[in-house]
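Just so it is clear, A, B, C and D label the chains in written order, and each chain counts residues from 1 on its own.
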């Protein structure tokens, strides 16, 4: 615990906030150019910063900050351990590519400044959520990101955009209600809200049923945010109407941060993964894999199909984490990173197609590979890595998850997970067949390739897919192993590190 | 050959085609001719590299290159007689096919992707052949699945792409189930490295799963329907798939995993020959009834693959040697058959054999090459096919399975019947049906077909040269087998 | 050991000649003819030299796993090599003229020499794998030789390829099982007793199928009559009558002497003799009915194979010797008959009885040789046929079963009748107008026929010469054969019961023919009508015409039906399973689930609350 | 006494949902929040009670009523018959479960561990907010920013429509 470097961590929240604040003013000056540059600079800086800070973290253990402001002792405790570093890096990668993509994409939406401010607030909320060590601050930052995302989902102002965003708002309001109920019960039991004290408190007062009830509440609340199956209904409606970069941000990162991160952090580090929790997590994961995959096959709208596929991939993450074995957790976390990368790539691709052809209907699209070669190749890479074909990154995380399942004797789960990835490949081949691989239709004769910035974003993500796939040992060693050690050590991690 | 040389050659054999594949788009920018030239040079250099490993391996010594990564996924290359023989067979025929495709798809579009995928295919095949780590073997296995998906869907028509998807899905299902089998083994021996696990007993469940994967890749009965459907691809692709590379992967994996390394529970040694013989019987029956030229040849591949599996599953030296030799002979002969079919289709644009007839007058060379290759596939002596089929049958007999050997010979007669049915219908018979006059156009296509037919004949007559390498490979495989064989009262 | 290399040369030389002949462009016909004649001559000398060299051995390591390239020369195969080389020489001379204007003559000569090379190889081989290698290569040359016939010849070529191929594959299985029992692929020195174990019997039967299938025994014979119609007559004469018969019987003898021990009156010998008898009866009944000379001779050659099997099958010394001697004689007179049929066809263009007639003064030489060979074939007294047939009869008598004797007698009678029919309708029948200006065929054609006819006479009259020189040495190695081997003693004396009965049968045959001839208004060609219309025989003949007994056609129908069953029964079902069932179920389930997502907010909320309740219940239950 | 307030709160909010007329349901919502405020005061959370009365009961209800009046769409929102019955059924089940489960929890709710520094009794609301929960303050700022900007984004439409650049 080195004080003094607190400022380093605080930057993650303050910088996007400040830039978001001044963005409307800049919006007045110049409609398009300056906001673009400014936002891309901030997201790029965040990306570089998280990697650099990450480097130090790896060598010097955990970062907690306590610093004073204008003389008064402020106790803002932010922790950056391996797991939150991994999430930070994921957030910044996807947000950088999304902002790059939206330079061209948001042209015809108008009012970029507004859009960027909301986006930056969402990033700030997510960063805050990842860094916080306190149950209630997780809830607060969760709400921040949620509010920003309501606004962004409804950005298109069309009838169904508004309706989808309203539905999303209402459902997450209910979810937050249950989360607050859970937090208050925990507060009642342990008298405090910071992870370490809650962990100690729970350990002292052996209220097993109470903790179980709170776990259920959290699972419902954060599960809805993470679009697990019984609570997934809002995602497939929110995505088609949201603008492409937003749905990339939404299903690429927001689900994982506000849903998966919260559940994993609380269940593994605070409550400690009991047999009941792990079975519930695994069964939920399995159901969401199959429900998501099977519905996705019948879809005709490309974005709805990608939304359902996100639900199914989230299922893989939860199955991985649910096993509780270090390898399973490693696989789950690796899948968080991979899924963020290739799912946002696929959404950005669908955005590019929508902008070029104006339609999202799969059966209307002909062989676009001729006119849009770059988008076709990146989409192919993305689809193959989702399905878990070896040279790309998706394969390694699924492989680790399946090995963990087999090692913990969950053979049925392993077989079903494998079947899930076959069905995943099936509907991605349907996309390929309809959108790119078939004979070019006449009406798309004059379709042009996606503009520069959009294709540049997709290429970066596609390269990332390949690079992670090929250099997976390096990626695992630097980012994932520290995160896994923390989670695998479970509740004991809090005793010796954070009990100040 | 110093150790350094072998190491470099082994890794070169894999890297040259894969990196070469990536350079093809660059050459395409220069000019179409350059692209074709580059592709053929790369393909032939791969096969030359593979052949250069023979002197090292013929002495019977093997060479293992190991690069440890995390979690037991260390990258292991093994250069021994089995892998060298397999890589030569695959790369030589692959190179010929690339040469042939220069003439064949000269006027189709997206050829760059075609050459890229073919070279990537050969490269990943080399990778698979030399890798001794189950996970890397799986990786190359999947890359070939991707390449075959793109190649089968080459003509981009809607129903063709549906067939390509079907092929990709079935092979992926099999491969993923096989991966489960690997993980079961990993669970038991917690290592993926084959070199350290020679002779260990493997649980029945893992065997079943891995077999499903192999059967899906090399198209044996329950999972074979994708291979005839893949007939819609350009015939260079089908010949690449059927003869040279794709179907051989499953069989090679069987040889490397179940003959070279693991020992299966005893019931499996009775069950596999039965499955495999039924598969080749059904495929032979189907080939007798089919009317599409390429589908017949595809079904005949399915039935010949049955023989290779039969040879390998007999677990005695002569059976295994026969199966390994079969790989080469079948590759040459079936490649020739497909390329002749390619010439016929290229000129007449007809695929249904009932519409064709009397082509021997206009295309004499193709007809003769077709006949020679057909005889080699049937297994008639002066051609190489005879020795391999003979040894496989002898292996089956020595393993005590007389009924299966008898059925095998009956299937050989069936093969003769349907191959000659095709030959009579397409090349002999009355010429009136075809109105357009067909001449044998491109010389490069003919040259390749003649080379393949010649190789089948020469391989038959001078069979003792390939046999040397095969004997070394068999002795290596049976090194751990002999105590087990003794136990089986042979 | 210079002689061991000559073994190798005897295989490679004809092959080299074949390649050279193939390379000579078809236009330079003269050069090619000359070259093939010289080649044939060299092969002839080689044959005689090898016959001189009694024993030779050669083994070179070949494929490892005790498959090695070893050849062994001893009396039996040197005899066959010599005979084949003699015939090669005669046929090459004959083909100069006959095949002059044939479009694919180049291929013909190539296949001819290749066949001789493979025959030498097959006969000399001492390792089973090597023997099968050469044996099956003959399939290819046989296919080639028949395919160069007339336009429809490729169908018969395929038929012969499939039938003989099937028999060869049975032989491979037999060899495999023998290998399984004896453990070595070399020709076993210690013969195996087939009755010792079920497997040995199966292996022996399978190898016999292989041997006899080649020789053209009953079930697998149907390709020979078709081949006689389609293939060129020289091919019929040389390949099918000489080479196949010799090779088949050679292997048959090796099986019954070296590989297995077939005791007298043992089950196996009984099986063989019944097979022989049936073949004789069936084939010769068919012979008598034919009205084309070539088809008649083809059926007759099948009949003669029946005699050989009867002889060797009886497993008595005199029977075996008789069978082998019969083989030699058969090649002579059958070859002669075919060649004379060839010369008739060369001149008149057809060999149908009703188109021919009254050629006796137009083609005197052919007529004389034809008659000599025909008479030798019937087994009339002074000729070689009589000697060998009588030995076969003695062998059959020694086994004690009279039934086989009766079959042989019927056979002789029918042969006599059919030969008389042929000779009478071709040479003595009414003059045919168009054939008025027919001349005798050139010297080059008649010379081989004359040589063969002379050989028939010599082998008949001085029969101790061939027996002592050719047949007897075969048995030197085997015990229990030489004591009572007085073959030569009663060779030619006519006055023993067996010889007399056979003479009576010939007379019976002549009477049957005369009766038939007189009944059908003196027309020789239709003289067999009366037998044809015999009540029981009539419908058998109709069935035979309708190819009921033709194993190839029935086999093809069976395979077609099997193919349909397998294709629609198994393959399409599996494909249906992938296409419809799996894809269908997934889509249906997908549709059901999609129905649940109907976009109402209340539904989604209900889902969430329901999920919460379930999770609470599960957690409280489990923890 | 608390129980009566609780029942009042519950039935008024139920009424708010099932009422057809928008205006009436807004008023019911206001009354329900007043009940809640009284409950807060009775249970010794004065600050919470103050906030509840002033903001939720006052401001939000006023906002609802003004918007409903301004938009003049008196017509009620007719939910489908099915959802009403379903809602009622669901509501009753939830109440019953709640009744049983809560009894078990409240029974063994451990007493509040005394002496943790940031409990409300021994220091005032502001100290807690500023000293101990400063991070949440930052969160509040972000939330306000998010609210403002999303309103800005959502209502930018009319400007875009009329000058439709």
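Operating definition for what follows: contacts are C-beta pairs under 8 Å (C-beta built on N, C-alpha and C of every residue); 3 or more make two chains touch, one makes a residue touch a chain.
Every value quoted in this text rests on a predicted model; they were computed, and no experiment measured them.
Counting C-beta pairs in contact across A-D and across A-B shows that the higher total falls to A-D. With centres defined as mean CA coordinates, subunit D is found 29 Å away from subunit A.
We define each chain's centre as the mean of its Cα atoms; on that basis subunit A and subunit B are separated by 44 Å. Rounded to whole angstrom, the centroid-to-centroid distance between subunit B and subunit C, based on C-alpha atoms, equals 38 Å.
Note: centroid distance subunit B to subunit D, computed from Cα atoms, is 70 Å. Residue positions of subunit C touching 2 or more other chains: 616.
Taken residue by residue, subunit A touches two or more other chains at 209, 213, 426, whereas all remaining positions touch fewer.
Within subunit D, the positions touching two or more other chains are listed as 101. Here the touching chains pair up as A-B, A-C, A-D, B-C, C-D.
Against subunit A, in their complex, subunit B makes its touches with residues 69-71, 73, 135, 138-143, 145-146, 153, 156-158, 161-162, 164-165, 168-169, 172-173, 176-177, 179-180, 183-184, 186-187. Listed in rising order, the residues of subunit C touching subunit A in the complex are 586-587, 589-591, 593-594, 597, 599, 601, 603-605, 607-608, 610-612, 614-616, 618-623. Considering their complex, residues 79, 83, 86-87, 90, 94, 97, 101 of subunit D touch subunit C.
Interface of subunit A with subunit C (complex): residues 167, 170-171, 174-175, 178, 208-209, 212-213, 215-217, 219-220, 223-224, 229-231, 233-234, 236-237, 274-277, 279-280, 284, 291, 294-299, 423, 426.
Only residues 600, 602, 606, 609, 613, 616 of subunit C touch subunit D when the two sit together in their complex.
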